[in-house]
Amino acid sequence: MITELVISALVVIGGLFCFAAGLGVLRLPDVFNRMHASTKAATLGSGMILVAVAVLFGESTIIARAVAAILFLLLTAPVAAHLIGRAAFRTGVPMVEDTACEPGVAEALRKRAGGQKLP
Amino acid sequence: MSWLLVYPIVIPLLTAVLTYILRHNPAGRWISVAGTLALLLTSIMLLASVIRDGVIAAQMSDWGAPFGITLVADYLGAVMVVITAITGLATVVYCIGEIPERLERQGFFALLQVLLMGVCGAFVTGDLFNLYVWFEVMLISSFGLLVMGGTREQLDGGVKYVALNLVSTVMFLAGVGILYGITGTLNMADLHLAVREVENTGLLSSVAVMFMVAFGVKAALFPLFFWLPASYHTPPIAVSAIFAGLLTKVGVYALIRVFTLIFDQDVGYTHTLMLWLAVATMVMGVLGAAAMNDFRRILSFHIVSQIGYMVLGLALFTPLGLLGAVFYLVHHIIVKANLFFIAGVAKRIGGSTDLSKLGGLYAHAPVLAFLFLIPAFSLAGFPPLSGFWAKFLVVKAALDAQMWVVAGIALAVGLLTVFSMTKIWGAAFWPDHPEGAKPRLGDIPVFERLAMMLPIGALALLTCVIGLFPEPFVNFAEIAAGQLLDPSDYISTVLGVQP
Amino acid sequence: MTILDYAILVAFVFVILGIVLAAVRLFRGPTLADRIVALDMMTVQLVAFGALMALLSRDAAFLDVAVVLALVGFLATVCLARYLEQRILLKAEERE
Amino acid sequence: MAGDYPKVERVMGGPAGWVSILFPAILFTYFLNLLPEVVEGPVTAGFDWVPALGVQMSVLLDGLSMMFALLITGIGTAVTLYSCHYLGDHPHYPRFVCYLLMFMVGMLGLVLANDLIALFVFWEVTTISSYLLIGFNADQASSRRSALQALLVTGAGGLILLAGLIVLGSIAGTFRISEILTQGDMIRAHPAYGAILILFLAGAFTKSAQVPFHFWLPNAMAAPTPVSAYLHSATMVKAGVFLMARMNPVLGGTDAWFWILILFGGVTAVFASVMSMRQTDIKQVLAYTTLMALGTLTMFIGAGTHYAIMAGMLFLLVHSLYKAALFLMIGIVDHSTGTRDATVLRGLSKAMPLTGIAAALAALSMAGIPPLLGFVGKEYMYKAGMDLPGLGAIWVTLMTFAASALMFAAGGIVAWRPFRGELAETPHHAHEGSWPMLAGPLVLGALSLIFGLFPGIPGHFLIGPATNAVEGAVHEVHLHLWGGINMALFLSILTFIAGWLLYRNHEGIRARLAAFEARSPIDFDAGWDRLLDGFKDFAGWLTGIVQNGNLQRYLAVTFTTFAVLVGGTYLVRGAFEVGPRLIQLGAHPVQWSVLLLMIAGSFLVVSTTSRMTAVAGLGVVSVGVAMVFIMFSAPDVAITQLLVEVLIIVLVTLVMLRLPYLPPRSELHFRFGHAIIATSVGAVVTLVLIAMLSGPFDRKLTDYFEQTAYPEAHGRNIVNVILVDFRALDTFGEITVVAIAAIGALALLRGIKTRNTGNQNGSEEA
Amino acid sequence: MQSLILTTATRLLVALLLVFSVYALLRGHNLPGGGFIGGLIGATAFILYAIAASVDEARAALLVDPSNIAVAGLGAAAIGGLASVLAGKPFLTGLWLFLGASEGGKGLPLSTVLIFDTGVYLAVFGGILTLVFALEEET
Amino acid sequence: MNHFAVNLILAIAWVALTGSLTLTGLLTGFVLGTAAMWLVRPLFPRSRGYFARLYFWCRLVVMFVYELFVSSLSVAKDVLTPGQNSKPALLEVPISVTTDLQIALLSNLVSLTPGTLTLDVSEDRKTLYVHAMFASDPEQIRWRIREHLELWIRDATE
Amino acid sequence: MELLLAITTGVLTAVAVYLMLSKNLLRYLWGLVLLSNAVNFVIFLGGRLTPGAPPLIDEGDYAPAGEVANALPQALVLTAIVISFGLMAFALALIYRTYMTLGTVTSTEMRIAEPRPRKPESDE
């Protein structure tokens, strides 16, 4: 019963985060702000629901898969945000007006990155 | 379980695998020849086996019909496999003379083998969805072959070919899905039984027409044939030849199979519709041929026209009509592939396939001229060549069915076919070359000449043999037509094979 | 129906709403980057959707959808972002 | 042309020449040997060719076919002998021999066939070989044109004939001619008789060049002269006559037969003889007189009485003898002088006396002057004509008279005038022909004389049996040179007088005819050109519309066809059905949202002008599709769908960098027609799905899979078990598709030389 | 694409994806997965690699030309199907060998079906990489 | 990582002994193995680092999850409440971690934690460019990254 | 729901067809992708819909415990998805190559293989 309540809570809160993420992406003023919503809230929401799955089934293989999915999300979401953000900045996507920009940041971001290679 | 039914699929595949891996090695092409030879031998064994034992079937994966996929060969299926192997062998040999090494290194021969695999698969499968899969195998390899080399013409033609064929593919798939949704089965023999249980016959007819349209595109029926004249004149000629010989025939084969085995419950409606589509196809094809001024484009439009005859035979849905359709199918593959081969040699020595840029072949390449006349007159339906019997059978079937107008149109189209064949003869062969060139066969290096002329001669010989000794072929086609009209053997064999 | 079932249904509605809202952003744009963000987030939300389905049907098979999507959804985003960036580089090249 | 070739070096044309001569000669001897036997009654022999279709390769050697066989082989010998000298040094002489022998075989087969289909086979062989022979001088456009004309006209007739043969064979229940010949009454009473008659006559009239299908024959004179002599006078053109004669017992004897034949025949005869007066080229004169003969023969076969048939058969022989001789003679003249112009040639008898003799004999026979066989023929024609009942008698007699008188004049023009008077200047110096060339005309001319003097010989051996064969009855035939003083003789004398007058004034007549022709709106030859051009234009116009190179149109037609045919069938065959299950099953709001999401995504793809937005829209649809698969228990499919979607985005983003933008919104206007097509297709799909879903469903395959998947196929994922076991063959094909798609695309992408960085004129958002 | 963050994440992800793809292949007979899905996931691994580093490096890591892998996959599938000849069974019939079978379970399964599915994996994997590498090298 | 390898071998040995080839078995084996190694840690030179590393990794994960939760809440609050109170800014954040793994980890953590999103790393790998959503006090953000995130990462990875 | 999905399939088909009728080959391609999705639904609907019960056999069972979704159409759809992906990928490569060689992705501008007839009057 307790587990059920815990799972229910996880599921509902996770769902709420997903919804909040959607709303954030819709409501927030520019693409960078929107990315905050998508990267954090959506990842957390999905993660919580995955945790709920792990708890509900309680089998090791399923737990492993749920944990793997969560890890994948945590690993990829910020990388994706970084790539989109950088590209968006470089393509000159407009920012909300009152965005403060520290000196040098804009130039540095626009610069083409030097080649890094995989080992 | 007869492995003879599996060989037509597996042999080309393994040949393709080997030739692709060895694509940078001249041995690749010889493996291709050897593989096709093996295909021919086994397919002849398959035919012999069918003639000896009647319909043969094999269950793949050892599951009983209708649960697993059945491969099955009746007379029609078996002979189509043999013809495929013959055309394939002719093409592979011809390619050795025609195809540049550059294409060979890109996997040309592997694609060719996969094409054969798809075509053979389509002929031996007894499962509707599996037929779709083979159609796709065939289609994708034909895409590759069509644009390989990447000339401007090829790409233009290729775009149209791909765009229209993909549409037909989707229609076919939708038809399969709906038929499955109605009957719950995919095995064609089982479908034959299942459609009789269906209460909504109107829906069945609608699905039948859906198949008619989908296969109509494949077979190049009016008004769905556009892709064919738009593309068949663009690739390397060996590719044109095997396309012309085989691909549309798979569409016709599928029409025959589906409209004898499955959709025979509303013949008065579906087959009448098909009849008029066939008539329009004959007429439009031949008019197109009359309007063209290029060797291959004339031949391409002719395919359309001749498809009309075959489908007409099916649409009449009489024993003689189907006999004619089967006979026509076999005859046309041989003749049409050969004409394209000849066009290739003409291009090689005359420098073009544009009739206004060709000439002098009659004077300087008499062997080629002679070898052209045989398939050309055969195509035009002159006796005593194979095409005469084909036309005779279809026209007789129409007359016997008291379809006077249809028979009349079929005959008139025959005359126009003569006209457009002589257009080639009267422009590329008889007159002198416009630039005064003397196109001689001797200009081609011996080895390549041999590779190109051998298939031409062999296919011409085959045309003559069928024309002069049609009896065994007619008998064969008669049995094939009988099996199509009364598929009880087919069904009992397919559903009777249990693991 | 247990509390959990209700919870799952509520979560379903939330997630679907989230996806729809993201879709609205995707439709509205205005920039390609916005659409990419929206699409990226839809894939993450779809992970939640798959997991919820696993909960609803008590069948872990749907979890696999979530796992795979969590793994490869990223690739689409990478490619789209890369496209965005390279298009600018390409334009710069043309100007040079 | 013959004159262009260097002087004869190889006398017999090499081995090809010998073969070409021996072949007909041996056959001629063979048939001559059989003659006594055939006089007693028809001989049949043969074997089954295509028993499945009831087709035999069998021979019916009766009087009719015997006469034709002898003419074919006999004249054939003369012509081949002649041509080995005439063309022996031509570089394509062996081909010529091939075609000629092929023709001979065709013609022989045609007349000997005892099977309608076999007859047709040989009929077409003659068509093909004559095409090749007429076009023998292939480097000349006129030859090619004439060859094509002959091929198409006779080919058209042949195809119509084929229909007739098939229908006749079906009615008679056999293709055997000897059997059909006994069923005349049944066939004449059959409702299809009229159709058969028209179909047969169409074949016969085109082959035998009856007005208005005559125009190809004079043009066919583009062929080398031996060919003209052989094909276009003695043999091929008579194939139609042969067919009518052959079918007379079956199709003849009705009013329709009678009137059609005598009208067409009579008109052809007179028209042709008038036209012959118009010509200056003596070969053309002869060509028209051939037409006249064909008309006359048709007329007499149509007349159908015993006398008429006999007259017809006799005239057939007469004509073959003199016409072949005349053509060969002209060939010699042409060969020798380099011209065939009647206005130029004069006084040749001095330079080429033997040719002159041959010409004289033939021309006298043609003019119908006793004691040549032509005279006998004409007498019998008059007799037969006057013998007819009613109006037919007047028509046939008049036509015969007119034609004969004109023939008389034509004979003068062709074979009298060129040899009389002082030798005129010609391109080459006139000299006598060589013996192989002279042998034919001389022998044929002599035969005209001998047979004229002793008409009993041909009467007994040839004309009698032939007449009996045509009539399908047995009469004794006795021919006489002198038939007594009667109306026929009187008409003959009148003919001479009229003919003489015509000959005297032929230059004036020619001038008037030329003037008339210039004013006349009817010109068959030009009409042919217009017909052919019109056809080509029509074909080009229609093809230009249908196959117009526009993919957009092709797709529109394809989809329209789908919508119209499938939708039409759905409506016409009443497929609509809504099952209770379909209505009962509700939908959850979550499901609604997913479906709306997909639809919205698809509309985004349509409405956007940005390519990547479209890709994003596709992504939305794909997400929706995956959700549907998830909701309805298809995790494997959902995974695959998502993976594929990701890969599509990968590929598209790779490619899109170099591809051009979509056109700006201004060019992306709404296409109402397309929308209608699209909506129809969508509606048809939905309607079909509704009907499908309303019916019951048979789950037997799936039940089996569920029961056996684990116990027998050792797998718990039924979908995967189906993929790798139950339906592994599908998968086998499928991976082939993927691998080959990759190889094909690789071949496409390797070595693109021209780089296009893209015309980025469109708009796309940042 | 030059990004330190991506490159570093890719190192981890590629390994994960490859392992996961083999996992999907092996358990596909019993749970969602199989040759297709495995092959597709495996391909995404190398695509990511090619994007983060370069196609050349991805090719080098792959050792074999991807189109050859695809074709070899076809061959493997055919061989998996033909193996049933040895048992006198029809084409593509699965032959199973259970190591350590007991009352409770079937034991560790080895089968020709797995060979076939591996062929599927390779064909899909190789095919997709062929396509992507060719396009990637184009642009 | 040879300690980790030993631990893994122990886990596999456990699985082999118990005959349960499952993930639970493996995890149990790993935990037991860790415990065993800890017990006999004098046999493993420098093993103290190994156990510390394990601890720091755990701390990293826990802290990270906590931060993620907080950051998500803050975003959700901003989104769900009417009006906007964000004060976005683009910031330069000097960093001291050096290895690829550390930098990547840091940037990920920055992205997943409240109010910040890594846009790029400078070419000299010494600066992180960060988009901050609530940047009324940039120094505070820089401090948090330096003193929290960098520290956790360094502890776990060095 | 089956009815709704049938209607959705129809709408997707219609949108796909509209896109495919565009002269821009990229739009054709989008249409093709949509149409493939639609036809997958057709097959999927053919087997009827079953929510929440994937066709898997639980550990310890020899057959599915309750009613599970129809596995066959799923296998067919899976096959169809992969095949249409292969075809789509090839089509994309073809469009790309065509653009590189012909310089256009507008199908109405592609008149190389079927040049306009020489006679001006039969020109459109």
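A, B, C, D, E, F and G label the chains in the order they appear, each numbered from 1.
In this section, a residue touches a chain if its C-beta (ideal position, glycine included) is under 8 Å from a C-beta of that chain, and two chains touch if they have at least 3 such contacts.
Predicted model, so just to flag it, every value in this text is computed and none were measured.
Chemist: Farthest chain from chain A, going by mean C-alpha coordinates, please.
Modeler: Centre of mass proxy via C-alpha means gives D as farthest from chain A.
Chemist: Considering C-D alongside C-G, which chain pair is linked by more C-beta pairs in contact?
Modeler: Per the contact counts, C-D leads.
Chemist: Averaging over Cα atoms per chain, report the distance between chain A and chain F in Å.
Modeler: The separation of the two C-alpha centroids amounts to 16 Å.
Chemist: How many angstrom between the C-alpha centroids of chain E and chain C?
Modeler: 26
Chemist: Provide the C-alpha centroid distance between chain D and chain F, rounded to the nearest whole angstrom.
Modeler: Measuring from centre to centre gives 88 Å for this pair.
Chemist: Spell out, as numbers or ranges, the residues of chain B touching 2 or more other chains.
Modeler: 13, 20, 60-61, 107, 110, 129, 133, 136, 140, 143-144, 147, 150, 159-160, 163, 167, 174, 178, 181, 229-230, 291 - these are the residues of chain B that touch more than one other chain.
Chemist: Listing for chain F: what residues touch at least two other chains?
Modeler: Residues 104, 107-108, 118, 120 of chain F each touch two or more of the other chains.
Chemist: Could you list which residues of chain A touch at least two other chains?
Modeler: Those would be 16, 20-21, 23, 35, 37, 43, 45, 68, 72, 75-79, 82-83, 86, 91, 93, 112-114.
Chemist: Where on chain C is chain A touching in the complex?
Modeler: Contacts found on chain C: 2-4, 6-8, 10-15, 17-22, 24-25, 31-34, 36-38, 40-41, 44-45, 47-48, 51-52, 54-55, 58, 60, 63-64, 66-67, 70-71, 73-74, 77-78, 80-82, 84-85, 87-89.
Chemist: Could you pull out which chain E residues touch chain G in their complex?
Modeler: The touching residues are 30-32, 36, 124, 127-128, 131, 134-135, 138.
Chemist: For the complex, give me every residue of chain G touching chain E.
Modeler: Its residues touching chain E are 54, 56, 78, 82, 86, 89, 93, 96.
Chemist: Going by the contact rule at the top, pick out the chain D residues touching chain C in the complex.
Modeler: Result: residues 589-590, 593-594, 597, 600-601, 604, 610, 612-613, 615-617, 619-620, 623, 626-627, 630-631, 633, 635, 638-639, 642-643, 645-646, 649-650, 653-654, 656-657, 757, 764-766 of chain D touch chain C.
Chemist: What residues of chain B sit close enough to touch chain G in their complex?
Modeler: Touch residues, chain B against chain G: 129, 133, 136, 139-140, 143-144, 147, 150, 152-160, 162-163, 166-167, 169-170, 173-174, 176-181, 229-231, 233-234, 291.
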